[in-house]
Structures are given as structure tokens and as C-alpha cells.
Amino acid sequence: MSNEQLQNYIKELVPEVVFEENTQYLVAVVPTEKIYAITENLKKNASTAFDYMLSLTGVDYPDSYAVVYHLESTKHNHLIVLKAKMDKQNPKIDSVCKVWPAAELQEREVFDFFGVHFNNHPDLRRLFMDEEWQGYPLRKDYKDEINIVEL
Amino acid sequence: MSDSKIQENLQKEDAYYVNMGPQHPSTHGVLRLRVGLQGEKVIHVEPHCGYIHRGIEKMCEKDTYSQIIHLTDRLDYLSANTNNEAVCLLVENALGIEVPERVKIIRTILDELTRLASHQLWWSVMGMDLGALTTFFYGLRDREKILDIFEESTGGRLLPSFNTPGGFMHDIHPNFVPRTKEFLAYFKKKLPEYNRLLTGNVIFQQRTKGIGILSKEDAIAYGVTGPSGRASGFACDVRKHHPYSAYGMVDFKEILYTEGDSFYRYVARMDEMWESMKIIEQLIDRIEDGPYTAKMKPIIKLPAGEYYQRVETTRGEFGVFVISTGDKTPYRMKFRSPNFANLSALDYMSRGFKIADMVAIMSSLDLVIPDIDR
Amino acid sequence: MKEIIQYFSDVFHAVKSLLTGMRVTGYYFFHHKEIVTQEYPENRATLKMFERFKGEVLMPHTESNEHKCTGCGICEMNCPNGSIEILTTFETVDGKKKKIIDKHIYHLSMCTFCGLCVKTCPSDALAFGNDFEHAVFDRQSLTKVLNKPGSTLNKEVKE
Amino acid sequence: MAIDIYDFTGMTSAIHESLSAVLSPAATTIVEMTIIGIVFILFYALVGLFLVYAERKVCAFIQCRLGPRRVGPRGIFQTIADFIKLLMKELLMTKNADKFLFNLAPFIVIIASFMAIGAMPFAKGLHALDFDIGILYVLAVSGIGVIGILLAGWSSNNKYSLIGALRSGAQIVSYELSVGMALMTIIIFAGSMQLSEIVASQANGWWLFKGHIPAIIAFVIFMIASTAETNRGPFDLAEAESELVAGFHTEYSGIKFAFFFLAEYMNMFVVAAFGATVFLGAWMPFHISEMIPYAEYFNMGMDFIPGFIWFFGKTGMLILLMMWFKWTFPRLRIDQLLTLEWKYLLPINLVNIVITAFFVLTGFHF
Amino acid sequence: MESEGLILFFIIGAVLVGAAVAVSSFAPPTSTNPQKAETYECGIPTEGTSWLQFNVGYYLFAILFLIFDVETVFLFPWAVVMREVGMVAFVEILIFLTILGLGLIYAWKKQALKWD
């Protein structure tokens, strides 16, 4: 599918979706509460078949936290970027582990660094930091006087 | 709960847990695996990462793009040059800079040399993990020659930090071409020896064939890329499907197998070494005189936006994701590391096999721990 | 019957593959010319590093104890780890106050040999040295002052 | 026939007679025992030190390295330096270990190898323990060593050690059979289990050559099985360092570790010496058939070489072979190890015994 | 010099180890640290007991070994006298080994030799 066809397909699937302009790949900002349904559909549907998740990234935007999914189809060779934004007070999103098992560790990483809570995740614990670690290091407002040395 | 789930939980209760790592000879670094065993049988593997987590992504947020290069060296230290290149390509693409063809060719040659060196080390260590200690020395002996090439041209053996946005730090050494040719001639004689010593060995084959089978669907779902993914039939070679640098100019084969067991992950890497040599041979005579870098501003500022650059490192697809606000430092930088995705499949692959097989599976995945922890 | 033939051919191939491997190792056992290791501390006299080897950052001085560092601070700014600190003083030449280098402090313990300081130096005052034997008992002694005491700025360097 | 120009029988009996001339029989025995004890301790230490050095050199040459070179000329004193270092290391014990068994294990391992070494015929007349069931004795005593390994693994209270110990148990239990059966072919040929008689029966040719194909098969099986019995690579599953860190001796430190290490080498010596005795005629020189012209001169030349040199030469060759195995092959997995024994070595061995018996019956051997 | 020799070798073995351990228990410098007495499990405190129940796979082989080892004991005396007794011994052992071999084949077919 070309980017336009993809755009139309997703627009049909979820009317609320917003597409960013002038981007490298097709970027769709999707409603957070529907992320599981959308991803599942995108994977199962034979005409999209996004079976390969390149990366799952957490981002701390000035106004919101976001999870960015880079998806590729090995069958059709098209690539799409999904973006789900959450408010800063209580970041919560559905886990996509059931769609791509690769997401399990990556979601743990995002939880570890951004404090984004993934619903239905089988084992949501800190991955890199200690279990007792306070705070979420990759947030922009994270302060650590001991370990982060400002040059 | 489904029946299989109950069964699994019962097994977990029955199991006893052994920690492999952080200080263990076969984890090649400081990865901790909590292995649930029943007798010798592995029923559950739980990776615990973070023992060498250095917060590189956080550090990148306050470094300029030229400074980030030296951090990417330290992700997957065995494909340092390729990691450097990923950031450089991202910056060049974002700024719309066309680098000279000479730079592209040299980058590709260095990439393939890195790949060869890394595969040699992997071969050495794979043999060692299976108990054949001699392979370790043979592999390192040959790798030394590549490191010499790197040292002579870039000044660094393992971590060259040679690429910069636009080109290179400085020009390659005049000895680069003859030395590389000499190495190729040498290694073509040594690679069959590897096969005689290890590949054909009946014990080795028994230890790896049919062990840790990963189907194509699972490989894609877990995002297992690189030779490990291609041994399962997952056509994921970025060099082939999204050519960068000079890969569009050369003819090479994407190694694909469908068996997906430890042995074919091994064979895929061995075949890749031949392909790498083929690529270098095609390019080595095409290095012409010319500038070693494109014209760059002293301070690089990426236009605001989000960029993603993928390259093929030795272990799979390496991705750099940058969100720029137009500043000289990135707003957010994320590295999609191949080892992290490969590690996630380890539990699935090693269930039901023996503890010795788990070691074989792990070394056939060729994990580099700093790349996982970042 | 077929199974029995298979059984013995398995044994035969197994033994053959083992002997092939033993031939490789046996070859090296008898050919001592193939030995590649060096006896490191003893071969110091003959050990030669490649000229570009990044062992440490140096500031080359001429015979008349002149260096090229103007104290501009570009290397300090470019260093990703803060391994370089530049302390400047003022010197009065011809009645004009002029900024010159006082101490070019280099923390070898923090250096990652990325080469940015050498590359970006506008007056080529820095270079890489080949020395790699940096082991010391005291971490403090890895902090070095690169400009030698009493050294002056080379006249040829433009401000 | 071997000419007895290097017969030690005279020497030993002379010592015995001169001692009993001045001492009472009981005192004579005690003095003799002391002499034998001191000689064997020295011999044991010397062989141990040499083997460790040899292994390091052999593996270095195989791996394109130089090996130890610093201590003494060509590093020959390296193992002595290592021994002193290990002696000066603190002995550690984990707090959960079974203290008595933990300390007992190195004793058992060393004593087992010591008792086996006593039965080796080093040269004519140099044979400390010559039982009429010599082969059975060596088999039995070398089997005791595994108890030490099992105890060491179990008493450490460490999971790696336990897995290693149990692996070693399964391994020895299996390979003991093959060693015994491989030796049985030679017992059938020689018609005796006394080591001195087996050696004597090889005066005009070693069983490896005299015994035809069955003896060669038995020899190959013996080498494989005994390598496995000594826990050496490629059968070093009990201490598989890539899986179990150090297996059964993970928790041992200092001199206690050194004894496990030493026992492995001494067991290797025992096995090689045993193989040399049974298959290659111990101190019997190499003779060629009288049919070949000038054979008698060649044979006389061979006789001129002292018996103990023959013995140590043969043993050394077998040890080299075992080292060569170790530094070439990857390690087997536990189930493959047992498959090799039960599906390959054991059936082949059973058939081989029948063939041997048939050969002996028909006189179809030299 | 038969049974007393056995005792002798037993004693010298014990003396060698005992002496070395004795020297090593007072000669080296010591330092006390509770960490040193921890069980080694790659730097992580071990979970649960290490004296645990183990897979039955090992025991099956131990039983098989027992069977075959007893047979070997029968074979050794036969092997010694084989040459003297002649044909009778050969036929007898043929029958004996056939039964033994059938037992092995039975175990093989029953997957008893397959490790799980």
C-alpha cells in the first residue's frame, strides 16, 4: 500500500486519527485508548500486515508523554509510525505484547524510563534501573544530583 | 487460565532457579539470566538487564551531533563503525547533504571489515562456549589483522570514532588498500580452516542442529534481525532492502535459510563472511582520490522534526530515532538495538532444551550486552 | 539392514570429521612458525604502534619550548566528557592586554579518545601520542598539564 | 626376546637383603615401606608438575601461543610457582557447606589416584603392587575417585556444583562399563588379569598389533572411555565452564582446588599408563618380526633402550593424544555423552568381545 | 607386599593431602569477610536450597549400569579361563551375551536410553 492508501485505511478505521505533515515516514497520531485495537487490526489485516515492530519509543514532549511505534510490513514493505499521546499526570496505555511479543521488553524499558503504565502487560517491572529506583530518568524534569554531572 | 498456562505455572513451581550471570563465563558481559530448571531442562529464562546501563540516550540529549558519535561506539562495540555511520547518515539525510562517493565506498568497506571482525570474534566465542577453546585463539588471531587495518587508518582498534557527519575525521592511510587486499587473500585461506575445525565436527553439529528453533513468524514477531533472523527466513537485510552508503552499487547475496536453528544461525554468519569479502573486493579498487568529507558547518543543527535511520550492523537492524527541535542537540534520541530484540526471543527459544543448549542458543544469537543495556 | 548401514556410516563420518579437526590443530602443534603472540613487556624496544594510534592527547612543543595553543577554548567546548579544562591569564604586550593560556589541563582518566579536540583545534596545537601504558596507582596523576612550564606561544600562530 | 639389561629385580632384592641382614623382619618392612612411600610421593609430585606444564605447553602450541616462558628456562618452573601460589592461598568454605564432606572430598580424589599409580609396572622389577587381579584392582580404585567428585559437588551446597557432580556420576557410571569391557578383550588374549603377566605376554609383540582388529577396536574404545572417565575434554561436563562456571569444584579454593586439579592430571597419567601397559606392553621394547632382514639387529637396538623410557614414552604418547582431543573438540552434551556410551560403545564392545573370543578359539592372532 | 602395600598407598595419599592442607591452613594471610562465605552464584544470593530433588533421568542410567556391571563381573573370570576351556566357554558366553544384548536392545526400543 502506498502512504495515501494507508492514510485512507487508517482514517476509515479510526476517524479521530491525525496525520503529521512533512515527515520522513507516514506518522499517525492515534487516540491512546484505541491503540490495542488499531495495532491488532493493522497486524491482522492482510492488506496492511504490519507484522514487524521495529521499535517502541517513549518520548517526553513538552505537553504530553507519548509512545511511538515504528511498524513495518515484511510482506508489503511499507512503514508507518504510530504515535499515542498521554497526559502528564497519569500516563497509561494498553500493552501491545499480545500483538508483537517483541514489545514486552521494550514496554518495560519505556515504563522504566518514562513511567508510562502499560495495561495488561504480563510482567511490568523496571528493566534497567534498580527495583527501588526513584523517578523516571528519561523524563525531562528528572533531577539527579549524584549521578548526573552537568558539565 | 488455559490448560497450558496452568501446566506452565505448575512447571514453574516445580523448577529450581539458577542465576547465570552477571558474573558468568558464557554471558559475555554482565547480563543476568534467571534460569528455571527441571533437572537439566530449561523451562523458563528471565533476563535481568541493566548491569552496564550508562544512560547513553540521556547523555545524547545534551551532546551535539558530532559528540554523539563517540557514544554510539560504545553501544555495540563490535560494530562500532556501523553505529557511527547510522548517526552520520541520519544527520546527512536530515540536512540533505550528499557525501562524496569516495566516502560512501570507504564507509562500506569499513562496515564490512567491522562485520568480518565481529563475526570472527563471534566464531571464536561460539566455539569456546561449546567447549572448543582453541577456536578462540584462531579467531582472534585473524581478527587482529582487521584491527590493525583499523588502527592504521583511524587510530582506534575497537572504537574508531572515525565517521563524522559529512565524512570522516581524516583521510584513510595510504596503506589501507594494500593492507585490506592482503588481509582478504590471507583470510580466504583461513576461513576453510574454520569449517574444518568446527563446522564439520560431529560433536558441534549434534550440539547445534535442531536446537533453539525459531520459525519465520516468530522471528518477525520478536523482531529478531540480522543473521539470526535470516537463518529463520526473515528477509531483513537493511543493506539489501533499504540500501545506504555504497550498498546499492555492489552485488551481494542476502543469506537466507529456513531452518532457524542454532546451526543455521551459525552457517548464516559463516556465509556472511564470504559475502562481506565479496563486497570489499568489489569496492576496494574503486577508491579514487578526492575529498574525505563533504562541506559541513562547524555547528550542526538539524531542522525540527523526527528522523529515523536504519542500518544493518553485525547483529541486525540498528535504528536511530531522533526528535529534533532545531537545536544543536537532539530533543530525544533513541537507539533501536538489535541485541535487545534478539534477547527477547531467548526465553521462547530455549524452553524445553537443556542448560547446555541454552548456552549454545545464546552464543548463536551473538548477544553484545552493552547494546542491550545502552 | 538399512538402519545398520546407517549406524556404521554415522560412526565412520563422525570419526572422519573428528580426525579432520585434529589435523588442523595438529598442524599448528608442529608448526611453531605460526605462533602469533608477542611477549609484550620484553618487546618494548621493537614494539611500534601505528602513527595514528590514539594513546593520549599531547601538545607538541618546539625545541625553543614553544607551543601553538592560543587558549581559545574550542577543544574544551567540543570535548564530550569535559576532559579538557583551560585556564587563561592575561599578558600585557605593547600596552595591550592579551589573553594567553595559563594551563591546559587534560584529564586522561575521562578521555574517550574521540579525537574531536584534535580535529577542531584551529591552530593544530594538539596531537595524539602513541603511549598506551597509562596504568598508575593514583588517579590524580592522570590529570596532566599539557603546556610545559615556561612555554610560550609560537610566533607563527595567528590569533 | 627382550634381553634383561635393565632389570631392576636385582636392585630391589639387594636392598631387601642388605636391610634384612641388619634389621628384624618387621623393621625391614617398615623401612622398605618408608622408602617406597617417599619415592612415590616424589614421583607423584614430579609427574603432576610435569603434566601440568606439558598441558600448558601443548595447548599453547596448538593455539598458536608460546605458553609459559617466564619462570625458569622455557618456563619449566612455572608449575612449581603455581603450586606455591596455591599453597599460599586462603582456604575458603561457604557457610552452608557440609564441612566434613567438603574437606573429605580432596582426600578421596587424591588417595584413589595414588592407589592406582601403585599398580603400574614402570620397568622390570619396578612394580609396587602386583595383584593377581591387577586390572580389576585398577578399575576399582580409579572408580573411587568419582565418589570424591560427587561429595565435592554435593557438599558445596551450590547448584552449579550439584549439577556438575550428578553429571559426573552419570558419566562415570556409564563409561566404567566400556573401560572394563575394552580391557576384557586383552584379558581374553592374555588369559590373565595380573599386570606383570599381561606385560610378559607381550614380550614378542604388543597386543595392539598381535591382537588384530579386535584389539585395535578395543584400544580406540578404551581411549574414548578412559578420557571420559578422567573428566577431561571433550567429556569435561562435570566442570563445563561455559555452563556451570567450574562445576563440582566451584567452591574450592587454594590447595584444595589444586588437589582436584592434580587428581585430574594424575588420573590421566594412570589411564595412559594403564593403556600403555595393557595394549602397548608397558616397558617392553618395540620389536619387528624376525622375517624381515636384519630384524635381530633392529630388535637388539630397541632392547638397548631402557624399559622405563619405553614405558614413559608410550604413556607420554597416549597423554599427548588425550590432550590433543581436549584442545580440538567441543564439549558434548550430557544426553549425547550417554548416547555415545549406550548406543555406540557398549554394543560395539559386546560384539567385539565375541569376536575376540572367536579369534582366540581359532588361534587367528599372532 | 600385597595388602600392606594397599594400606601404604592409602596412608601416603592421605599424608600428602593432609600435610598440604595443614600448611595451607596456617601459612597464608587470612582476612575475614562475611561475603567470602557466600555461595557462589554469579554474584546473586542463591534462591532456596541447593540440595534439591533432581531429574529422574540420571537414575535410570544408574540402574542400567548396575545390570551391566554385574554382568561384567561375571565376564571377567570367564575371560581369564577362556583360552583353557575353549569351545564350551565360547558357546556359553555367546548365549550369555546374546541375552545381555537383547536386554540392551529392549531398553533401547523402550526409549530408556533416551535422555529427557
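What to note about this one:
Going by the order they are written in, the chains are A, B, C, D and E; count residues from 1 in each one.
Here is the rule we go by: contacts are C-beta pairs under 8 Å (C-beta built on N, C-alpha and C of every residue); 3 or more make two chains touch, one makes a residue touch a chain.
Computed from a predicted model, the values in this text were never measured in an experiment.
Common neighbours of subunit C and subunit E under the contact rule above are B, D. The chain with its Cα centroid farthest from the Cα centroid of subunit D is A. Here the chain pair with the top count of touching C-beta pairs is D-E.
Using mean Cα coordinates as chain centres, the one most removed from subunit C is E. Comparing chain C-alpha centroids with the centroid of the full set of protein C-alpha atoms picks out B as the closest. Rounded to a whole number, the gap between the C-alpha centres of subunit D and subunit E is 16 angstrom. Distance from the subunit A centre to the subunit E centre is 58 Å, each centre being the mean of its Cα atoms. For the pair subunit B and subunit C, the distance between C-alpha centroids works out to 24 Å. Each chain gets one centre point, the mean of its Cα atoms, and the points for subunit A and subunit C are 41 Å apart. Multi-chain contact residues of subunit B (touching two or more other chains) are listed as 16, 18, 24, 40, 134, 141, 197-198, 201, 203.
In subunit C, the residues that touch at least two other chains are 18, 21, 24-25, 36. Counting partner chains per residue, subunit E has residues 41-42, 46, 52, 54, 57-58 touching two or more of them.
Subunit E makes touch with subunit B in their complex at residues 41-44, 46-48, 52, 54-58, 116. Touching subunit E in their complex are the following residues of subunit D: 29, 33, 36-37, 40-41, 44, 87-96, 103, 106-107, 110-115, 117-118, 128-129, 131, 136, 154, 156-162, 166, 169-170, 173-174, 176-177, 180-181, 184, 187-188, 191-193, 245, 250-251, 254-256, 258-259, 334-335, 338-339, 342-343, 346-347, 350, 353-354, 357-358, 360-361. Contact residues on subunit D toward subunit C in their complex (touch as defined above): 58, 61-66, 69, 324-325, 327-329, 344.
Within the complex formed with subunit D, the subunit C residues making contact are 11, 18, 21-22, 24-26, 28-29, 32, 34-37, 39. For subunit B in complex with subunit A, the touching residues are 47, 49-50, 53, 55, 57-58, 217-218, 220-223, 234-236, 241, 305-308, 310, 317, 319, 321, 323, 332, 334, 336, 340-341, 343-345, 348, 373-374.
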